[in-house]
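Both complexes shown next keep chain A, but they swap its partner, so chain B is in the first and chain C is in the second.
Showing the complex of A and B:
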């Protein structure tokens, strides 16, 4: 809808504000939003979490299934991430076939989770070549006030950490009536989290609100995790029309570890 | 929904008590008393507000037999015999003579298409521009994404026509724009403009409030502008309370 488009006035004004390092909610350009996590949102999912990042709200659920493995990874489990941009979350989202953003979101989360090595896929194998676990992560934004990808990445890892493997029957099929077993085999030390940097003019910002996000000209998402004391970039995706210079990427790389530590500290005991 | 209504009722009740005890000799006190007398009640669509032939249905209210029934979610108010609803939510319903802010969405050969947050777009004819404009240079005067203040000239079946001749109307330059729910606009302006002039005085900003909930702001410094916007958003979040002007005076002292 056209009324959602940003006016020239607002874009120029945001450009000026970001250059001064000011934002309407009192944060400076790289200040993060407040994060909250709630667990066990759904009683039919094996794991679920609701994450609030400022006013942005995302629900993620984890379902577990058994099935035949893919022919190229006979001894490994599978991961499937799906997402839907519900019309209730934002006036920008419409029902119907998924658009660019609706395809991008789960793919980014998928890549970031998979490449970080947070999930031990080998331990998801029940019987090699015949029966393996498939982890299905569903992401549902409830309210989009910007930084949806960043909020979704926290929701996804929180839901995974919350999930338990259901019991199996004699044939190795899932039996939900049986007692739930142990948690999903995760590498406890690896916590993958996405950071999306938005660019307007010469300024970069983190965790935008919706109107800030709409005013921005380009974005770049990095999936970050820490392994053996080293920060790793697990995934990267750039969107929007403007370009990022090498200098800007270098600056982002400087900020990333700092911000990663900050959000891990903010999450603190929330992520268990 | 239900919880919200209960909460709002409680807030109203608290406010009424305050109104009686605290604000006695100020203007805002008079405003509160008037509101207490009006007995505002939160209603939802389909709710019977009052029964009897003594009352007349006003805005957002319809009559079904004996009963006056709410068609909108808002505060029911009785003024004399007329019962009307002050909506809490809802889209902008354009009226002739409304001053609105709009965003240019297209440049045509004889005028501009303007988005004013209504179901259809509005049209601004080139003749409304106060100076001569070459047909090929229309985009230089008003380009896509520019903001104008205009008056709704007529509403026909085909669409809305805008006029831009008049004081305070025209292309808007500098400052920034944001949106609030259009049902909050009357409270933001206040009784005879009391609220908006308070905010203007305290922050030194120029503010234009469109009836469609689009607000334009320009001040001497970014900090003042941020403050003015925060003040307006505080007001927009407290529409159902009485004595807001008084409260905002206190808010400005604190911040």
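Showing the complex of A and C:
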């Protein structure tokens, strides 16, 4: 189906359905899409993964570079998250300078990864004050059928878990002719995942399809992880012109850990 | 438990606020707002003709927000021109203000809101939102209510409001969480919610309560500045 704005007629119908807890694909409002992970999808990347969330598909690749540290963190490596909404993935995406969605997606993933503590930045230091690793995570949607941020967050942590440090030459620069070393330093127990709640009328839904997502009036993304045995919200961003009440946020805070456990359970050994 | 803040503030204490309307005399509406050393100014132009034309909406006017730091407002000079950060903040600020304004009477037009930070000591986006909401009211744009904003935070295990730069850089225990939020004044409607850090889900509603009561104090300051202007328009820079 080609791109067309959602008509008021379908928006009203979605509003009525969500209020009754119904969706076209038979799920109820907070039911998740089926998730699949596939590793090593590009052998030139230091780590890579493909994530399918329903019909949405995202690929993420990790590359590593060495260089001088930032002056305010001489003993720490760096993280850079980037990506683009390729016109390949949706009739809505256009080539050219990044629009707001293309700017927001990597920034949200960056914040969720960074704040969760999943990456051990100190262990990314090669020589203090001189040479440190920079992890670059690039995220590209292959097919956008909604919930891109949520799919991207799984693809990003999966690609990181899959990544190994490349060999270094005498000058401390990456040398791909040498053997790869250990896995990149992660805190194995910390698995940050984002959930974006979409709002239409008074109803909230999770893991929307593209059509559902376009019908909604606001969204709010939460990155959640477990840190020292406690659930931690690491990032949040509200989008769209509608507002959220305190009660709605409190409800989301109750659902969030449940949904986090559900997805971790569904992924089982896939995200180890 | 009480938090020890470096400037001696209580957990729910906001830095001294100042607000003034009419700071850009030739704009249709303008205001400044400050939280301690963080100073924001905002100007509103419109409703006016919208270019490019394809953005025009025949059913309503639109709001267009631009936020940025002036190059000298931060310790390390900020390269002039939009960054990814400023583009993101511009957009979330637009979403924070949009639910409060009603532009249906002005189809095909735009209301431009320009927000600049003169001096940054954290909480810049929320200071910008407070200034912008006052500037919109000053410009006579039809509004349901004002928008009031504040950044809550968490230092290790303690919730606080109105985070400054030193607090933003706190690294002990659970570290610092920055939680900027905006509310439609007097309503249970949050129009901006952002967060960075580590906060237990059960603490989020508590933080929202602190934000709500802080926003009421912000609202009083905004209202007073607008009233002062109406009673004494020449007291400001005039309009």
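Methods note: the second predicted complex is superposed on the first by the 269 of 272 C-alpha atoms of A that agree within 3 Å, B and C clash if a C-alpha of one lies under 4 Å from a C-alpha of the other, contacts with A are read in each partner's own complex, and residues count from 1 in each chain.
As a working rule, a residue touches a chain if its C-beta (ideal position, glycine included) is under 8 Å from a C-beta of that chain, and two chains touch if they have at least 3 such contacts.
Just so we're clear, the structure is a prediction, and the values are computed from it rather than from any experiment.
Trainee: Based on the shared chain A superposition, would you classify chain B and chain C as clashing or fitting together?
Mentor: Aligned on chain A, chain B and chain C fit with no clash.
Trainee: Would you check which partner chain A:177 touches, where first means chain B only, second means chain C only, and both and neither mean what they say?
Mentor: After superposing on A, A:177 lies clear of both chain B and chain C.
Trainee: Taking the superposition as given, does A:13 touch the first partner, chain B, the second, chain C, both, or neither?
Mentor: Only chain B; A:13 stays clear of chain C.
Trainee: Taking CA centres after the superposition, what's the angle at chain A between the directions to chain B and chain C, given in steps of 10 degrees?
Mentor: An angle of 100 degrees, rounded.
Trainee: Determine, under the contact definition given at the top, whether A:230 touches first (chain B), second (chain C), both, or neither.
Mentor: After superposition on chain A, A:230 lies in contact with chain C alone.
Trainee: If you stack the two complexes on chain A, which partner ends up touching A:269: first (chain B), second (chain C), both, or neither?
Mentor: Neither: A:269 stays clear of chain B and chain C.
Trainee: Once the shared chain is lined up, is A:95 touching chain B (first), chain C (second), both, or neither of them?
Mentor: It touches nothing on chain B or chain C.
Trainee: State whether A:43 touches chain B only (first), chain C only (second), both chains, or neither.
Mentor: neither
Trainee: In the superposed model, which partner reaches more residues of chain A, chain B or chain C?
Mentor: Residues of chain A touched, chain B against chain C: more for C.
Trainee: In whole Å, what is the nearest CA distance you get between chain B and chain C after the fit?
Mentor: Least C-alpha distance after superposition: 7 Å.
Trainee: Is there a shared patch on chain A that both chain B and chain C touch, and which residues make it up?
Mentor: none
Trainee: Using the touch definition up top, name the residues of chain C that touch chain A in the complex.
Mentor: Touch list, chain C to chain A: 84-85, 87-88, 91-92, 95, 98-99, 174, 179, 184, 188-202, 204-205, 208-209, 212.
Trainee: If you look only at chain A, which of its residues touch chain C in the complex?
Mentor: Listed in rising order, the residues of chain A that touch chain C are 100, 103-104, 107, 111, 115-117, 218, 220, 222, 224, 227, 230-247, 249-250, 253-254, 256-257.
Trainee: Show me the residue ranges of chain A that touch chain B in the complex, using the header's touch definition.
Mentor: Residues in contact with chain B: 2-3, 5-14, 16-17, 20, 22, 24, 26, 211.
Trainee: Applying the document's contact rule, which stretches of chain B touch chain A when the two form their complex?
Mentor: Per the stated touch rule, the residues are 103, 105, 115, 117, 121, 143, 145-147, 172-178, 216, 222-223, 226, 229-230.
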